[in-house]
Each structure stands twice: as C-alpha cells, then as structure tokens.
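You will see chain A twice below: alongside chain B first, and alongside chain C after that.
== the complex of A and B ==
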C-alpha cells in the first residue's frame, strides 16, 4: 500500500516541469478572460471554482499529505476573508496590500491553533480544530463593533486594473494558479513533502530517523493556513465582502468533501472534487434545498466503497481498459 | 447534569469501540424530536421512555449497516463517516420537523416548583438531575460490578483476546453503540423538557460533549461525570459574569487541561 502510494506520487500530477505548467496555465487564464470577459455569470462561476480549488488544495496538504484531519479550516478561511475586508474597508488599504496581509495573519492564527491542537493526534486533533474554528466563528459573530456581527462587512471597493470584473477575474485566476504550482513544487514534490508522507505512514519511524514530527506538522499547518488565507481573501474579493458564514462549520466541511470525494492521496483529487462539488451544488439546488443531505450521503458512500476517491477509481478503470485492449505500455 | 447523559454516551462509545461518534449530537437531537412527536400521540411518560429506545434502535441499525464496515480503516474514515451521518440526520430532521423551534408542554406533575433552602427550584430541574444521577449510578454499577460490564471492559481493553475466549465482540460493539445512542436519546428527551428544541443544535452539542470528555478523560465514565459537573458549573458562572462570552470559559478550561494533562483529568495517557 505504502509503496504504491509513493510510487504514484512520484508519477502523478504535474511532474517536474513547473515553469512550463505555470506558463501554460496562465496563458489559459488569459484566454479564458478574453473569451468570457463580457459574460459575468461564467466569470463568477469560474472565479468561485478557482477559489474552491485553492481552498481544497491547501486543505489537502493536511488531510492527504500529512494525514491530519482538520475540521478547522473554515475558521482560517474566515480569518483570511475578514482580514482583507477589514483592511480594505476600515483601513482603506489597497487590495494588493490587503491580499498580502491576509495570509500572513491567517498563518499566524494557524500556528496558534496548531500549537495547541497538535498536542493530540487523530480524532482528538479533529475535534480540537473544530472547537477552535467554532471559537473563531463565535468571535466574528459576537464582536459586532469590529466585524459587523451577522451583517458582515460590505463595501469593498476595487479600483485600477482590477476595477473591472475581467481584471478581478484574471487576478484571482493567476493568484490561484501561482499558489497551486507553489504548493505542488515546494510542499509536495519536495523533501518536505516526502517527510510529511513518511510521518503520515509511520510517525514512529520518522521520529526514529530524526525527523521533528511535531515541527513538521506545525509547519504544514501554517502553510496550509497561509494558502487557506489567500483563498479566503480572494473569496472576499470575489463576493465583495466578508460574512460570518465564511467561518462556519459548513465552510470547513467543503474542502473535506472535495478532497475526500476527489481522492486525498493525489494532487488532482481535490481539484476534481471542487469542480464536482460546485457542479452538483448548482445542479441540485435547482430541485431541492437539502444539499447537506445529498452531500452527506455521497460522503458515506465514498467512505464505504471508494475511500481513495474517484480519481483513483478512474485511474484503476483506465488501467484495466488499456490492459484489456492489450496496450501494456499505457496501463 | 443533562450534559452528562450526552458526554457519557460519547465517552462510552469511544472507550469501547475506539470511534468518536460525531453524530452523537444528532442522536441527541433526534431523541428530543422523537420525544416531542411521541408526546403528542401518547401520554408523556410513555413517550419519555419510548423515544430514547427508538434512538438506541436507530443507533444499532447505524452500527450494523455502516459503522461496522470501517472499524478496520483509518481513524480519518471513521470520523468522516460519522460526519456524513451528521449531515444526513441534520437535513432529515429539518425536512421532517421543520426549522422553527419546538417546545414541549410540561406534564402537570413537573410544572410546579419546590421550595428548597429558601429558593424556588422548578421540579423539572430536579427531575432532570435525578434522571442523570440514576443513569450515572446504573452505568457505573453495570460497568464495574456485573458480568456484562466485565465483558464490555474486556472488549475495550483487548478485543482479540476477548474474542478468542469465546465472546462475540461484534455483538458487544453493537450493544455498546446502541446503549451510547440510547444515552444520547435520553439526554435529548430530558432536554426537550428543559428548553426548546431547534435544528442545528446538534453540532454545538457534540462539541460541548467533546469538551467535557476531553476535560474528564476519554473513555472514562467517572471522568465524564466530573467533566460535566465542572463544565456545567463553569458555564453557569460564565453566564453570571460575562453572558456574551460564557462559552469562552469552557475553551479556556479545555486549553488549560490540554496543556497540563492532554489525556484529561481522569483518563490515561495516549499511546501511539
């Protein structure tokens, strides 16, 4: 099990040509902007998807690559969104500065959360992060004078190059692409990433060969928080404000769903999961309001029958197909 | 004291099955709703007995159909499975009982107040405390003084050896999960007397229960008794002093316990 997982990590995803991927994706983003610059609905849909992808990818750094199940990322997402909104509305900073401050503050929060929660592992860790996320949510909700309570913060004004919807779209897309490539390059395909996976598979051995297990876990929590903060800030830009539901448990649940359904042991899993979630959300909300019922049922089915996610499932299917046709080379 | 019923079920299930049941708050909520519906159809006392039993039966079905399949997988999957249950149960409750608050009319016997030490205490409060105290005593007696309790403790300590000695541990697991859910349902039924029932309280509840269990020590019934007493008192104190941030007191306490004794006041250290 372990060995195959490692082998496939090496083979899957972007490979090693990061700059090529970066370039290709950015060109694709510019093309998309050019194509849809007048269609606000499509722009906002893709924007939302991009933010979700970043959120899920950042999240899966913990769940998939370090084996830490956090239920607290909604809180971090909320901190990112509120930092940006507060800085822009109350301090009148420009979007770019606010966008830089948000992940810093979020990673500091993640550090604090990690410092406390990583005292325990497994289920305890999951519940503790949930508790802290609830605490963040409660503070945002009750601290009316700063955060506006359940009215949220509205009135983010954009000017200059990102004043138009197409400009904002391009900014969000490019930030997401750069972040995703950075995550893949620095945190997954690196020595750091391999150490994380070793800790996930066998923490005792990791400790025995001299890896500072808790230090690494704390670091990945911060990194994950950093990118979650960016996702939250971008989401605030996308929706023009920050609201208390951005820090809710439901928000924590979204990246978990994406990662698990897509496949937690792959880099593309959360991305596929994010696309699937948004697609299903838009599709299902046409018929019924019980999105959670459906999402929960899918989650249970995936846990029982395809715990490695649909990306892995598709991979197996595709292999079998090529074997049957007799093309061993592609299988 | 009502919290004890919730926390002890969570702690019991964790202690024996090794699974933290995220859906525990949902079972509690369902218990409250069942009690509400049954009380409309039949006499209150009957509803009060039947509702927790129904929740226990629901728990047994859940264990047989779903939970049993993931004992062998990683903890992450067990937790995610019960999280899926939270979502499903939560939405089903909203579909069946709606989103507005529901209040259960008190039976006439409990509607009065009693004079005790110069202050008036509503009889419901006394009743709720009594129920919890009786259940606590029963649980401790059954777990530590009877053969069934010995079997449960054996299955918790070492399932392999226990099953080698001829005990069907799977049945023990199912039964314990059922009892845990029954406790949650009973807690819900009692809470239906004390306060209005509202959808969406399931997560809050399981969090509070978890805080209690962390403070008291996972898997220890006495620990969850002590934990719920401390938590209840502290929360009441918090409401007296700073009502808006009463919950913050609990967090501070939990953080304190975690720093000093990560395995809880009466628990045993975690072995990894």
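== the complex of A and C ==
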C-alpha cells in the first residue's frame, strides 16, 4: 500500500461523498419554487418540506451519528415554535430577532434535558426524554395565560415584501435551511463528528482513549436542539401561529420516521425520508383519511427488508448496476 | 521529608490501601503496591482474585470505596477514565475492545487524536497525524492491514490492535489485561516480542494481568500475586516461584 492511498483513506469523512447529492437536491428545490411560484399549494408544501428536512437532519445528529434515541424532540420543536410566537405576538419583536432567540432558548432547554437524561443510557434514556417531551406539552397545554392553551397563539405576520410574497419567503427559508444543513455536515465531518462516531461504536473504548463521552453527548444534544429550534420557529412562521400539537409526542415521531425510512447512517437519509413522509401525507390523504396507516406500513417494510434505509438500498442497486459496466467509483 | 519525596518520585504508580466491594462482596481488599518506571510487572492470581477489578479502578472505569491511586505524585483516585488516559495511563482489555466498524488506521487515529486535549473539535487536521499513525501501525506490525475494518481481522490481530490503540495514546504506563488470552503459541510469541520491544525501545512502564506462567516468567521483572482480593506475595520471579503461600494457592486451585 502506498503512502498516498493511506492518506486518502484517513481523510475520507462520513458526509463528504454526499455533498453532491445534497447540492442537486437544493437546486431542484429552488427550481421547483420558481416553476410553481404562483401555486400557493405547492409553495406551502415545499415550505413544509424544508422545515421537515431541517428537523429530521437535526434529529439524526443524535440518532444516527451519536446513537442516542430521543423521544423528546417534539417538545424541543414546540419550544422553538412557541418562543418565536410569543416574542412576535406578545413582545412585538421583529421576525429576525425572534428567529435568533428561538434556537438559543431551545438549545438551552436541550442542555437541561440532556444534563438530566444523559445520566441514563439506552432505553432508560429514551423514556426519560419522552417524559420531558410530555412535560413540555403539558405546560403549554395548561398555561393558558401565556400560551393560549389549546387555542394556541395566532397572528404571526411577516411585514414588508417577504410578508406579501410567499415565493420570497420560501427563498429565505431555503437559504436558512441550506446553511443549517451545511453546518451540520461540517459538524459531522469534523473531529467532533468523529468522536461521536467512536462513542456510538464503543463508548467504553472511547472513554479509555480520552474522550469525554458525556461532554460530547451533551454538546450534540445542544446542537440538535439548536437546529430543532430553528425548525420549530420557521414552522410557526410558515403556519402563522404556534399550536400545542407542535410539542406533542406525535411530533417527536416524525423525525424518527424520516430518519429510519431514509437511513440513519447516511446524511441524506433523513432528507429523503422527509420528502417521502410529506409526499405520502399529501398524496395518500387525497384518497383516504388514514394516511398514517400507510406510513406505518412503509416503516415496517423498510425496517424488515432494508434496515439501513432506502438511501443505502439505492446505493446498493446503483453499485451493482454500475459494476457490471465496469464503473467502480461513483460517489 | 526529603527522603519521602524522593521515594515517591521513584514510583510511577502507587496504590495505597485500595478497597472495592460489589454489594458487600469484597473484590479488592486493602491493596497497596508500587510500580517503578521502566519496569514490567505482572499481576497474577487465580480467577476471581480481583485483578481485573483492580485494573478497572486504576483506570477509572470503577469507583474505589476507599484508598488512593497516585500516578507520578498526583492523586488520580476516581477521576473519569478519559482524564486518567490524558494523564498518561492507557490500557488494553481482557475481551478485545476495539471499534469494529472502523478501519484499523481509524482505530489508531482515534486514540492519537483524542488522548490529548484537542483545541478546536470542529476542525479536522488528520493529515498531520498520518506519520504517527503509520509509526504505531509499523511498531505493532499491522500496517499492511491498515485499510481493513477491525472486525475483519483475526482474533490475534484484534488483540494486537487493542494494544496498538492503547499505545497510540502515548502512555507512560501501559496496563495490559491478559494480552495473550485465547491465543495460540505462535500469536502469543508475537505479543511477547511486542511487549519486550515496547519496554526496551520506548522505556514504557508495563503492568499486566496474565494467566500463562510462561509469558509471566518470560517478561516480568516483578510479580504481584493476588488471592481473594488481597496481595499475598510480591517480588522477583524467582522469589515468587519459591513462595510457600503462592504454591498453596495455586496447588489448592488445581488439586
């Protein structure tokens, strides 16, 4: 083996090979925006997709890249949404300030949640995060004077040109989300991401080579919370209000579904999962009310027959296809 | 006072009256011992004597009930494992403990990167570590398999990789928990050779748990014998071999 091959091998990060995929996806999204910029339904769908992509990739920082199964992200999403709504409606702050405050507050909440939950591991950790999520939901539900209870908070309005053009709002949304996704890719590709991968593979060994396991896990919880907070805040902006179901346990399961179906060990997995989920939601609900039934069936099929997700499955097909014609490397 | 200081500096590791119990069962009972720098010390004793527990307490994987672990004059009792590693104590494990889905070179790279406090964890400068990783892999003889996933190595090679990971932490004191367990004679010889080289060329202090008496007598300058949580003998190999109490314990086990 030559020295150069060795170097090449060591430099190969996890997310790097997917940057092309991602770029193509983003360009496609922007093109779609321009093609359909007069169609409010499509614009709204793409806005929802953008938020879901951000939420799912934020979530998978934990599940896929750190091996931490959290059921608490619905609560964090709710905190992001309610922070923006309260600041804009009750405090009358501008959207920009509210958008900056929401992820900060959410990551502080995530820190508190992580600080307590990370004392436990595995299933106990997962259930403690579930309890936290329920707690956040209950507080929003019961604290009527602040949160409006089951009425939620309505009346979030964007002023100026952005407010009057859904296309412009979507473009800004896409820019924010592309930046957030790229930052996440860099995180995964850095030494920080490498440490998380080592912890996921073998926490005991990681500890013995000098990695502060709990410190890194707390950091990734905060980072995941930060981006979940952005997603929640943008979703509140998109829908013009914050409602209690944004903080529900059902909300926690959305990114889990996206990650599992797309594939937790790839960066684009949750992105593909998010697209599939919204696709199912909107097209199947045209024919039947019970689209969740189909979502459940898809999850079962994927977990049984392609446990690494559909992105890995597609990769396998692609490789097999191209090996026949003698192309070995494609990514 | 002056005499005591000099005495302390002579020992790289000193354990004072260490005690560890599991739900009332005493695993390590008032153990005191000292290791001199640059030596190879073997820790032997029948199964259940508390050898691995002692290792786990030294490296912070288990918390001591009482007593002290002093490394280079600093009290490191009950520090977290990663903090102990950063101070210069690395270890290998009785049951092979590597990162199975990472390549051999990534396994070593991991230890190289994280055993020291890293400045900015959000950068990546793996390139500057290439030389060191290569050096470690060549030292242990795994360079030709650098690209393989650790899970694909033979059991013997994985044992070697476990030691290589510990070595890449740049330790002053290396703890090896049964480095030849489960290996054939050929592979055992390879590990013995490796340990000899480490001590001679790198002046490492080595502390090993070992069951194979041939390995113990081939390598060690000092032997510590534990039985039921207590140290029952300490000395040069020939002294320990003659020790009545040690003979009793081992013959009692076999007979």
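One rule holds in what follows: the second predicted complex is superposed on the first by the 271 of 331 C-alpha atoms of A that agree within 3 Å, B and C clash if a C-alpha of one lies under 4 Å from a C-alpha of the other, contacts with A are read in each partner's own complex, and residues count from 1 in each chain.
The rule is simple: a contact is a pair of C-beta atoms (placed from the backbone, for glycine too) under 8 Å apart; a residue touches a chain by one contact, two chains touch by 3 or more.
Given the structure is predicted, the values throughout are model-derived calculations rather than measurements.
In the superposition on chain A, no contact is made by A:44 with either chain B or chain C. In the overlay built on the shared chain, the residue A:189 is in contact with chain C alone; chain B does not reach it. By the touch criterion stated above, A:130 is placed in contact with chain B alone, chain C being left untouched.
Of the two partner chains placed by superposition, only chain B is touched by A:69; chain C is not.
When both complexes are overlaid on chain A, the residue A:204 reaches chain B and chain C alike.
By the document's definition of touching, of the two partners only chain B reaches A:122; chain C does not.
In the superposition on chain A, contact is made by A:212 with chain C only, not with chain B.
Common to the chain B and chain C interfaces on chain A are residues 204. Against chain C, the residues of chain A that register as touching in their complex are 1, 3, 5-7, 9-11, 13, 186-187, 189-192, 194-195, 197-198, 201-202, 204-213.
On the chain B side of its complex with chain A, the touching residues are 14, 20, 66, 69-70, 73-81, 83-88, 90-92, 94-95, 203-204, 207, 210-211, 214, 218, 244-245, 247-248, 251, 254-255, 258-259, 262, 270, 272.
Of all the residues in chain C, the ones that touch chain A in their complex are 59, 61, 80-82, 85-86, 90-91, 93, 97-103, 105-106, 109-111, 113-116, 118, 121-124, 126-127, 129-130, 133-134, 143-144, 146-147, 165-166, 168-169. By the touch criterion stated above, chain A contacts chain B in their complex at residues 63, 67, 69, 116, 119-124, 126-128, 130-131, 134-135, 138, 142, 203-204, 249, 253, 256, 260, 290, 292-293, 295-297, 299-300, 303-304, 307.
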